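Before I ask anything, here is the structure I am working with.
As written, the chain order gives the labels A, B and C, with residue 1 at the start of each chain.
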Amino acid sequence: MDIVVCVKRVPDTSEADVIIAKDERTVEAGDLVFDINEWDKYAVEEAVLLKEKYGGTVTAVTLGPDETEDTLRRCFATGADKAIRLTDSAFEGSDAAAIAKIIHQAVKDLKFDLIFTGTQASDDGYGQVGPVLASLLGTPHASVVTQVDIADGKARVQRELEGGLSEVVEVPLPAVFTIQTGINEPRYVSIMGVRKAAGKEIETAGLADLGLTAEDVGEKGSMTKVERLFLPPVTKEAEIIQGSPDEASTRLAQIIKDKGGFS
Amino acid sequence: MSQIFVLAEHRKGSLREITWEMLNKGAELASRSGSELVAVLLGNRMDSFAGELAHGADRVLVVEDEQLENYNSEIYQNVLSRLLSEYEPVLTLIGHTAFGMDLAPSLAAEMGMPLSTDCIDVDLEGDKLTATRQMYGGKVNAEVSFAPAKQYLVTLRSGMFPAEAAATKDGKIEKSDFPPSATDRKKFIEYLEAAIGAVDITQADVLVSVGQGIGDIKNMPLVEELASSLGATLSCSRPVVDRKWLPKGHQVGTSGKTVKPKVYLAIGISGAFQHVAGVKASTIIAINKDPKAPIFRVADYGIVGDLFQVVPLLKDKVTALKGS
Amino acid sequence: MDFGLSKEQRDIQKAAREFAEAEFDKDYMLDLELNHKFPHELLKKACDLGFLGIDFPEEYGGAGYGLMEKALVCEEFGRVGGGVGTTVSTSHFASKIVLRSGNEAQKKKYLPSVCSGESLPVAGCFTEPDRGSDLVTFPLSTTAVKDGADYVINGPKTFISFADVAGFGVVLCQTDPEAKPPYRGHSTIIVDKPSEQPGITITDFVKMGWKSCATTQMSFSEVRVPQENLVGEENRGFYHTINFLDEFRVEIGACSVGTAQGAFEKALAYAKTREAFGRKIGTFQAISHKLADMATKIESARLIVYKAGWQFDKEGKVDPKLSSMAKWYPARVAVEVADEAIEILGGHGYMLENEVERFYRDARVYELIEGTREIHKNTIARSLLGKLE
């Protein structure tokens, strides 16, 4: 079972302030802590679990500047065997479909049974790379996958739908799945893993290596473009209850009562 | 006349709300741009849905076949790519749902169309399309432009537009042939319903809902005790289920349940869109240490503070108030 | 000169941080604090991920990194856990005497179970009642006398960390009562499972902080251990011990930096959100300058620790003067920063649930263990001034 996992390095903005940069198209990296995209963490773990069960290799692929090697080393440390970083200043400004195009060039000649991506990335949340990549490769795909079972050259997967419902679909391999959080429990990076990662080489490939031209990628090769970032307009704001925790909770208890929370 | 397509979404015998949300938005765009609004309905024995949709669209384009009984991205894509080539709608709207997330990107790739996903708004001025979407967990909005194209594809986030079934139009129903499928690789096997536990959060009057902020399964008693003092039911956001701190049946949000209690108390929940989309409460109260958490934009009342401090105090106050 | 961490070091720092943030759970630590429990489960998980064996050679089950990398782990664990972090990251304690001075058979026997966690924690039984850090003036009260193939150990030890739950302990004993000066008659001897040895009684102290680590009084009465348990050379135990302490103090310094950082971050977050008189309290100079002072002290403490760690890894030893600096100063900074953090949090800072008061109480022990501030200033001064008449 040879598996390619596409990963992305993203800032953790769950509890951080997001400040829009002067260009109004990006956010200030500032004090933001960058790490592997949450969904990709599950995707890597799922790939490694399948490798541990069936043998084979896991190859992590990312796209980005030098810093993104941190993310690939994390993949090594948690079980990946190979890593490829796609990097070129021409890639700047690529939209999701262009990114899928770049990754396609890098993986099309690899031997793989499965390609995983995260269902989406926590920064831009497009959720496109996986299915577009499948389309370019001509393989079947399934999105929002919460279980993968392999038998007889086929994958039977659960896809998460709305309202607590899931569906089971079956596809022949090779296939592309976008992995949803909660599918497994991603392991921690161990010190042995860090050591292993340090001894591994990360392959890199640029525009020409991938047989692409500047027209294919970046803003030129993209059909969508983020023009402007802005803070969401305040349509409604909660009334923040002030005071010490004791005072605030006294008031809140009264509000809950008044709103019919208890009698 | 240019056309705007809305892909109807239905599952297990019901039209999904997103369909009406898109039709309502689509009607607005169509009237401003002088386009025809077309509901596209794929399925098996679709007469009654087609009738319903005719009230909200200028035309209903129906493709029926047994193979369309349940959603299958490959078969759907095969039908849609033919319809898009044939009718050339300037804009096609698909829901940013498990269905749309699976279908839209590869459809756009096959057709070479520009696509923006998970949009919260879309605007069509002449043939210039702009979309608004959210980034960084809803902390930032982005305006997205599209390269000039004959056709565009947008997936719209649920809950952004009115879901009332429109009755303003009397569209005609038109059937189109089911094209033979080029591939039959992907197979739908079955639906699985999440095991419903002892609780039914959709029926609760008061929900104490807990998020990732609780930090660990060992801290759950904190919220359980508050819930019990309130006589409330315990629910949660997705990360709590992902970490197996509560069973799936407790999850509120798009991939969980939609709830409609009188009071919804969100504790340590940041308020990601996917969560708040499932909250239709009369009063929403949030306790979160991050004053910029998106939950405060949907809540009616909030306390900015440490839940480990506030929740035990709140429990005491509720107990005291009950006794008085 | 390069002040940056290597990629590998950053990966280690990140791994330790990710683990600590997920596993040093607030309520779990509160339970340890209130019930004076040792964090066995947490320690096991940390060992499984290689955090304890990080600077032990690979042949003994370690990862083969150095003291600098170990310091990064101590720092991250201290940042989230305060004293609980220190309990976990220093639980290997006196096993490093076996690592640095033991023979091959001892290393093979003891070190793999240190790295795996099975024999953790490890006690270091050095201090004696009424003696403290003065190992020089009088012979030790704890003696080891050869009898057949054994040593027979008798005497008291005090302020011994981990003795109640230790997999083994290294006991500093007087083996030559006639030696002049007396420390030339010290030997370091391994005692397996002290709590299960007939003849050893262990009693717990009630203390100010660092409650996840029991600090105990030990009494040895006719305790027999085989002579092969002698670590290093007979009558060279004093040297084995001080060499070990020169190294180990850097770890305590790193735990201190982490504890200070954790308290600082809590104060910073509070200053950014807490409002008084209609504005965030961080906008008041009285608060903002405190934060600036705290950050500056932490940064300077960190640099001393890193330099000491770097020197040890490069030269195989730390200059005792630098080792003393890397211990007393970060420890002092941890106390001062935690104290200021309490001040910034006001009344909340005094409450157990906000952790900064625990960090403060935990930090206070860093100034006492492995030599007080005064002892270390003596060491530094002696090195600066020589034998000034």
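The working rule: a residue touches a chain if its C-beta (ideal position, glycine included) is under 8 Å from a C-beta of that chain, and two chains touch if they have at least 3 such contacts.
Computed from a predicted model, the values in this text were never measured in an experiment.
K.L.:
Can you tell me which chain lies farthest from chain C, using the average of the Cα atoms as each chain's centre?
P.N.:
B
K.L.:
Chain with the smallest distance from its CA centroid to the overall CA centroid?
P.N.:
A
K.L.:
Which pairing of chains gives the most C-beta pairs in contact?
P.N.:
Chains A-B share more contact pairs than any other pair.
K.L.:
So, what's the distance in Å between the C-alpha centres of chain C and chain A?
P.N.:
40
K.L.:
Which integer distance in Å separates the CA centroid of chain A from that of chain B?
P.N.:
20
K.L.:
Roughly how many whole angstrom separate the Cα centroids of chain B and chain C?
P.N.:
The separation of the two C-alpha centroids amounts to 53 Å.
K.L.:
Check each residue of chain B and list the ones that touch at least two other chains.
P.N.:
Chain B, residues with two or more chain partners: 289, 291, 304, 306, 309.
K.L.:
At which residue positions does chain C touch at least two other chains?
P.N.:
none
K.L.:
Quick one: in the complex, what on chain A touches chain C?
P.N.:
35, 69-70, 73-74, 77, 188-195, 197-198, 242
K.L.:
What part of chain B is in contact with chain A in the complex they form?
P.N.:
These residues of chain B touch chain A: 11, 16, 70-74, 97-99, 101-106, 108-110, 113-118, 130, 133-147, 149, 183, 185-194, 196, 205-206, 212, 230-232, 238-239, 241-244, 248-249, 251, 254-258, 262-263, 265, 270, 282-286, 289-292, 294-306, 309-310, 313-314, 316-318, 320-322.
K.L.:
Can you tell me which positions in chain C touch chain A when the two form their complex?
P.N.:
Within the complex, chain C contacts chain A at residues 7-8, 10-12, 14-15, 18-19, 22, 48-51, 53-54, 63-65, 275.
K.L.:
Looking at the complex, which residues from chain B come into contact with chain C?
P.N.:
215-216, 218-219, 289, 291, 304, 306, 308-309
K.L.:
Would you mind writing out the residues of chain C in touch with chain B in their complex?
P.N.:
Interface residues on the chain C side: 25-28, 273, 348, 353-354.
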